[in-house]
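Below are two complexes that have chain A in common, paired first with chain B and then with chain C.
Here is the complex of A and B:
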């Protein structure tokens, strides 16, 4: 892929004095939804602040769509950042905040106004637009930050915990919005500790621990590369004991657990393809009614736990 | 170029909206308008006394000019304008860091130098307006009690004097604004540099000639209509020409704002360590 469509970290390190932020990170992020995963202190926010030019790397170089952060006029036309900083300039309304920023982007009065209203509408804040930000709830402030990040139609949207403070309905809407952006060719970089939501929306993940990238790429791909951890497959069926007794014919099956409700079993195998073939045979030969077969640990949380284990302790 | 001007003016507008009515400016308004209130009170008292005594001795115009020169140079210039500039301009960036709002500007597609200029302009416009009105009002009130006050303004030196005081007020806000914009960005605690600069500027007349010419006060004094006696230990230095003084003051402010812009280019957002 051409470098003007990528976010590139070239051997980037960031130290705060002697404290490590991130170390020797080399990444190339393609368009789509990319999630940053890791516990507090893993380096997610440092990575985002570097990506958006709020921090300068101690070593290495960063280019977003082939533009360096040292060229703010081009750089920030392409980037929208919804940071975790929950402070706003005093005395300004949500409308005025966004409108001022649109004026700084160089949009004319009418264009700035229409973009402001459009962004406020996207995040459901038109009714409270003229109230001062100081009087907003946490969720409303989060929406305004999101509107600020979106209003100039950036090509790269960087969102640090964007779902914090949003109710479930708003979360679903915002996730849907991110998906649409990604489908239109944008970069959407998300850090979130809400794992199942990251799972739903992400095209790829970057897993961080202690300032290092421990894995990156498509989550299924990452999981399949972890050969030392057998893949878990959940089979929901009417006679799990029959299936369990038959799957041990295969050497690659290392563990089978019958589900507590008696209507399924969890199989750990080192060769899932071989297991699926065997399962087909067992089901046909024994006339077993199967409700569903799904991977049980091809998700961000499980992969992260396998990779980092107890060293990655702390809230994700 | 047009975009830079628009952006600088937008930053200025936003800043003025945010700050002019902010609580932190109460000290500035007090410094600017408390003397107006005091002079108004004194003028009313004197007017009442002159009505009662009818022919009692009124202060002469030269006396009042001396009094005003002393008041302006000691209180207005060295205290009110200087410390108000220190308060306001030091906070242009430092305040944003403390309130954790600097990233909003730094995430906008605006050259850092333009942000520095916009913020500096906002401070200068606000301070110049506040202290210019204070200068006009105190000046008018000072001569209000004198019977020849109107003649002094319409036929004498009243208006030229007032214009020079106004020019000095605006240039003082500009030059000190430049100084404190830079110190506010450079130092975590801008109080210490403010005190050092304050002492340097307040007692500049004890410095040898060469060093006096490295003070802002020397060039401001060169533009004033009357110079007060600073005592037997002061080093008397010839005033610089008016044009040169104006150029120096504007040039110094421009240089310092440019340096602030360069410093802002290297600024990182690490609120937690501030």
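Here is the complex of A and C:
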């Protein structure tokens, strides 16, 4: 892919004095939704601050769509940032807040106004536009932050914990919005602690621990590369004991657990493709009624547990 | 929707000049100032010294006319409208402008830092320097309106009343008003902003500003007394500015008379002292105003 469509980290390190932020990170992030996952202190916010030019790397170089942070006029035209902090100057209304930020981007009064209303409408905040931000609920503040990030139509949206404080309905709407942005060719970089939503929304995942990238890419791809951890497959069927007794024909199957309700089994295998072939044969030969077959740990949460959770790192 | 319409398209319309974008920052600060009766009242009071000076200039030029109205204003003849007159006015304004800055300054940066708003500003095509200039422009505009702007107006009125020859004889007053005011306003504005950045609680920041002003003056006096020197005077911001005012406003003869108590202190040391304070305030601002919050 051309470098003007990528966010590139080239051997980037950031130290705060003697404290490590991130270390020797080399990444190429393609358009789509990319989630940053990791425990507290893993380096997610540092990575985002570097990506948005708010921090300078101690070592290495960053280019966003082939533009370095040293060219702020072009750089920030392409980036919309939503910080995780409750970051609003005191006394302003949501409308004035976004309008003044649009003016800082160089839009004329009328253009800034139309962009402000457009952004407020996208996040469902038009009714409360003229109320002071200080009087907003947590969810409303989160929406205003989102509106601030996207009002100037950036090509890269960097959103630190964008789902925090939103009710389930609003979360679904925001996730839908992210998908629309990604489908239109934008980069949407999010950090979130809500794993199942990361799973739903992400095209790819960057997993961080202790300032290092421990995994990167499509979550299924990452999972399949983890050869130390057998893939778990859940089979829902009417006679799980028969399937269980037959799957051990294969050396790659390392563990089988019968589900407590007696209507399924959980198989751990090092070679899922071989297992699916065997399962077909067992089902046909024994006339077993199968309700469903699905991977049980091909998700962000499981990968996170294997890569980060097991080494004693902090909680999410 | 057609697929081609779903492709991201960028804004390609005109943009405003980068140079003046920092002026967006004070927009809402001015609204706050104008909406507050307290600030408006303080601003009007700050103009009183200039109003008194205006009346003196006017009556001084119309002593005979006042006599015609039965008002004996001959006593005003002892007042000379010259550098000495203006220096007294601006020494008063030194204190008045300081009080106004102490009212407005602490509320400018502290709320942004307390609310972690710096990433909001600085994740735009907008630098830290522009942010500080934007905030400082609030103080500089308000204090300019009570110092050099009416000062220049008084100079013009006196020129109109006394003639161009007066203006020629007292020409140094014009640059003195401008340069002196700007130096003083810049100094106190930078101190106020630095304190606003370091002390997030507004009343404490205001108290600290007064503290710096009066405690440094006291410290300077004690230093002079203990060490039998005059260099302690440089710790007193108002005295340092007083030295600069005298240097700028007064001609050589007036200067010798007026600087008698400070004769051991060269005037440029006052200027150096204020420039040093400005530099220190800038370092403190650069230290505190950072785009991202760093958790160590």
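Criterion: the second predicted complex is superposed on the first by the 313 of 316 C-alpha atoms of A that agree within 3 Å, B and C clash if a C-alpha of one lies under 4 Å from a C-alpha of the other, contacts with A are read in each partner's own complex, and residues count from 1 in each chain.
One rule holds for everything that comes next: a residue touches a chain if its C-beta (ideal position, glycine included) is under 8 Å from a C-beta of that chain, and two chains touch if they have at least 3 such contacts.
Quick caveat: nothing in here was measured; it's all calculated off a predicted structure.
K.L.:
Based on the superposition on chain A, does the combination of chain B and chain C result in a clash or a fit?
P.N.:
Result for chain B and chain C: clash.
K.L.:
Tell me which of chain B and chain C touches more residues of chain A.
P.N.:
Comparing chain B with chain C, the partner touching more chain A residues is C.
K.L.:
Touch check for A:83: first (chain B), second (chain C), both, or neither?
P.N.:
both
K.L.:
Contacts for A:203 in the overlay, against chain B (first) and chain C (second): which applies, first, second, both or neither?
P.N.:
neither
K.L.:
Touching A:103, do we find chain B (first), chain C (second), both, or neither?
P.N.:
both
K.L.:
If you stack the two complexes on chain A, which partner ends up touching A:72: first (chain B), second (chain C), both, or neither?
P.N.:
After superposing on A, A:72 lies in contact with both chain B and chain C.
K.L.:
After superposition on the shared chain, which partner residues are touched by A:10: those of chain B (first), chain C (second), both, or neither?
P.N.:
Touch partners of A:10: none, neither chain B nor chain C.
K.L.:
Given the touch rule stated above, what does A:111 touch, chain B (first), chain C (second), both, or neither?
P.N.:
Second partner only.
K.L.:
Name the contact category of A:155: first (chain B only), second (chain C only), both, or neither.
P.N.:
In the superposition, A:155 contacts chain C only.
K.L.:
Once the structures are lined up on chain A, find the stretch of chain C hitting chain B; candidates are 4-12, 220-228 or 238-246.
P.N.:
The segment of chain C occupying space taken by chain B is 238-246.
K.L.:
Please report the chain A residues shared by its interface with chain B and its interface with chain C.
P.N.:
Touching chain B and chain C on chain A: residues 16, 49, 52-55, 72-73, 75-77, 79, 81, 83, 85, 87-92, 96, 100-101, 103-106, 148.
K.L.:
Would you tell me which residues of chain C are touching chain A in their complex?
P.N.:
My answer: residues 6-8, 10-11, 13-18, 21, 24, 27-28, 32, 111-112, 114-127, 291-294, 296.
K.L.:
Please output the residues of chain A touching chain B within their complex, sorted ascending.
P.N.:
For this pair, the touching residues of chain A are 16, 49, 52-56, 70, 72-77, 79, 81, 83, 85, 87-92, 96-97, 100-101, 103-106, 148.
K.L.:
Report the residues of chain A in contact with chain C in the complex, numbered from low to high.
P.N.:
16-17, 19, 49, 52-55, 72-73, 75-77, 79, 81, 83, 85-92, 96, 100-101, 103-108, 111, 148, 152-153, 155, 183-186
K.L.:
In the complex, go through chain B and note every residue touching chain A.
P.N.:
Against chain A, chain B makes touches at 3, 6-7, 10-11, 13-14, 17-18, 21-22, 96, 99-101, 103-112, 265-266, 268-271, 273.
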